[in-house]
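A, B, C and D label the chains in the order they appear, each numbered from 1.
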């Protein structure tokens, strides 16, 4: 019913009705063990084991993506360690130093690459520096990649595998920030397992908040040994919910009956519609291939103004070419085809 | 309908229906600005200003009491600072070092007192040590008291005022952990303002999770200047919710129409019934006066066994006299009179 | 030659000539490997192995006692851990939170006892709380005792053994702050091994600065496994000296030919002389037995004034009885018998 | 007398005789106030004020360059802050995360440039991102440059001024790592003031250890207001020496009568001799212009082998061109002309 053409973020959406209803049901269920020792939380773990085809993963619900990433990384690096990530990574740019806080000061070192993906050769060159055990140097500890990336692209399973193999060769752990994992999985048409643990990922921040939940994520350890400290660090960070079902009820409904993939499929389709509509216009250029639910386009001022005049909301984005102005458009499970159509029509003028 | 006599904690309860319904309404309301810039969050701040009769307080929703306390304290002390608290304080015993994490290593120094309350003379003696500005010594920065205390007692406004005046005299800030503030306010029959900022409290962790919410607390700064760093620290701690209404909808309904006080009144009354029933029995001794919704009693083994046989759940508690075994009983907004009656009957044998 | 009666501290002394000369010799020796890979540092380790009769200890020179303690403790506790110590411990009171900084926020929890010594029963009671593995609670990780204590007393080997056995029983490591270890060893007449590792100590801050060195201490790990992280933490703390011989030359001369014990013997004897002279006077009361090179006495104002009038310098100390004023007198390897005699004569009036 | 051709580092040198003698004199001077309240420390501050022509600077002796840098930066950035530096900066690569430890997790973000110098346009681009006050983003707080750089080049006063003006325009503080400041000042032939505070530097790590001292540096605040927290942070880091004269005696002799500049002049001259001798040979290429006491050259294998066969010691260095092997040669105040001559002769074959 809402006519606002809001493409600013997948954070401004509401939540999927099925998830809201599940939350209400969980809380009318009366007393339940606290701190995660409840049947809902256990069921979430079982669902994830089935979805990821991994019989012994452990998973911990937390409330925000920043907490998921920072807590995951804190288990993978000593305070004097180094985590390699893309310069545009959310953990580097958008978490106000949360990984540094939770890890006790570990260092994030950027390794660049096109379209938001770490370049394997650049990573190999950095890892070849061989500083392991030399006390003067922060110690390489982990590689973190975002899937889908902050530029809206998706690593293929082979690309993940190459980076992970490099990391493993040097004894580093592999973390995946999967705030938009669903969107990548849908785009790639692969199994969740194929692009995570089977490709070498050790720990995954499994996102739900941007894809239909109210506020819930899960930190998934494919290697349970790496989760040894997690529960202490989670509690210490104020991220252990006494009424864990607040998070688990959302995740349970999110994972039920493929809702998580359906939401992502819809969001991706809406982004594809927007891409098709805009890219047909003159002087419109995609900065990166669209491989999830985000579109990064350079638009002439006239088009941008027509969009704004039509009530469209969207954020600027740094262009990678001089003389252009670029923007980011994000769709969600709530974006409706008519909203895309109206935006495209306004852009066309 | 639930027959379990669960007196273990106010964390095992569900949530009040009005709060569940408000959450559903908020999320069906469609898109809303993210990160707290939404009307619900603003309304929560206005409600708090009215309730506390303080026109310029600022308030920030967070999800857990541990986060509320640790973030509040991190704004009040430098990393080389000292926070004085009771040895049984939640921040000292039950937060796995969260205050230390968020403050960058500030020190919690216990100052003892009977029945969970800091003793003013003991605090005065410690503050008289005059270490201010001497670089060898961690620097006194704040005093933190819990209201109602971890022993189920309540500071009177005068008691708060005495401690706060001492703190102020030495340039220390005053923090109140109000996880069960509602229960204390109801017991005391005073205004919320009288036992907080009018008595000298600077920052309050305002609790809702133990008193009917799903998972929500507010950090309330009566002195907005002390909140300068809060927003950075909150984001950095992974405690800034993109869909803030997840928290604000709960707080809004919690504060609406005195629900927060009604819930606490009920919980206190249930605890009072339990107190009356148990204290009439032989060899039953209250460890501390019951001034909120928690009861600490030493019970003969026979009574404890009868309670357990009847299905009652409750935790042991260290007794303050040798040869006794003591226990803690906690009631909540969900505790029903018949549950109290059955427990009392079982105890009486 | 110096007539000042300076009993304020063993920090105001100079350094022993043998140590100054050794430093000069070391630096005229031309180039030497840096960062501790030099023959002097290796020799210091060998000397310590001989002195402590422990063939596999590892030892690391650092420049200050605060660094020694904080770095040692950082290897023994996780960030969510607890270190138990006496309320008057240097690590608790005089290090401006250095242990918290280096450990990432571990908590120091005081366990009291008379005359500066932790009480074994009090420690047992705290450890019996059995919070291990419960994520809500900071995790007991280590016990730290000071030898000789901040009150100038010395733990006997049996007393150390009792506390260490308690710690071991609960899986805690044992640290000893030996800023004045030499003075304790001399007083006790035992071997260094007997009151350290043979009694259960895992890691020792071995002090030299207060006993004749310019500025040097060693962190000694009797259990080399616990030293795994030390070298990274030392470097990270800015405590890895490129010209390590600055520290090692001092320690080498300090440990040569029993100089460390001779200095302490002298300092203790001077303190004993002061004790004998003062305790004969009316209304003079020792707060604690003198078992090292520090004397804590309650003095009538008249005596204190006569001392000050004679040019004596000494610090006040909190008395343990009301109505008294107490002071601390510290002697060092530099204190001369005539200085003690003049002070005693002035006191006697 | 030593024939070793040691060009590995200026850390393997001994110390200048005048500095060793001064140390001995200081310690034979008997008791002196501790913790820096002594006349030597005061004199060091006065000398620095004269040398830098700045009447109100404050300066603090510390023992290592890592401590100087990390403590300086900790005063300039909040824990959620960002410090911009060159990718090859010592603080980024060689301090094992010390800046992160002391600042509570602030982030070092690299800004590249040729020959070890930050590129002003690159810095301007990063600062133009305008993230100030946006809680999602770590907050730009400071720029740190090394003088002379880790690549042996020197920023001119104008170059420093350009970067500092950029920083100031965005409200950032400016730190200079002056581990080899003397060598840069000598090369540039400018006054110390011209290339530091007059060019916009707020805080300087003033190095002495690499240039003739045993182990001593000074943190110099040209803006005393920025030093407010320094003394607490220094103590807390275990870097407050009770016998401060251990450091001050070295600095006092270092600054006396221009010894610091004479040492650097000599070291630079020795490096120049080596440069002249090696650059005449075929296939020898300087990676960067030599503007201090370090030489970075790509050498054919044959030349490198001849140097090693002659007993020369030197470290490899990553070349900036494929197919080359490069090395670093460092000279010091102790390098003798005959050592340079022998190395050159060996290289020539």
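Here, a contact is a pair of C-beta atoms (placed from the backbone, for glycine too) under 8 Å apart; a residue touches a chain by one contact, two chains touch by 3 or more.
Computed from a prediction, not measured in an experiment: that's the story for all the values here.
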Reaching subunit D from subunit B through chains that touch each other, fewest steps: 1
Remotest chain, subunit A as reference, centres from CA atoms: C
Which of A-C and B-C has more C-beta contact pairs: B-C
Mean-CA-position distance for subunit C and subunit B (Å): 41
Intercentroid distance (Cα basis), subunit B paired with subunit A, Å: 35
Chain centre separation in whole Å, for subunit C relative to subunit A (CA means): 51
Set of subunit B residues in contact with two or more other chains: 79-80, 95-97, 101, 104-105, 135-136, 139, 232, 235-236, 240
Chain contact graph, described as a line, ring, star, complete graph or other shape: complete
Complex contact set, residues of subunit D against subunit B: 78-80, 104-105, 135-136, 139, 229, 231-236, 240
Contact footprint of subunit C on subunit B as seen in their complex: 79-81, 92-97, 100-101, 104-108, 110, 129, 135-139, 318
Interface residues, subunit B side, partner subunit A - complex: 1-2, 4, 6, 9, 11-15, 17, 20-21, 23-24, 27-35, 62-64, 66-68, 70-71, 95-98, 101-102, 209, 214-215, 232, 235-243, 246, 334
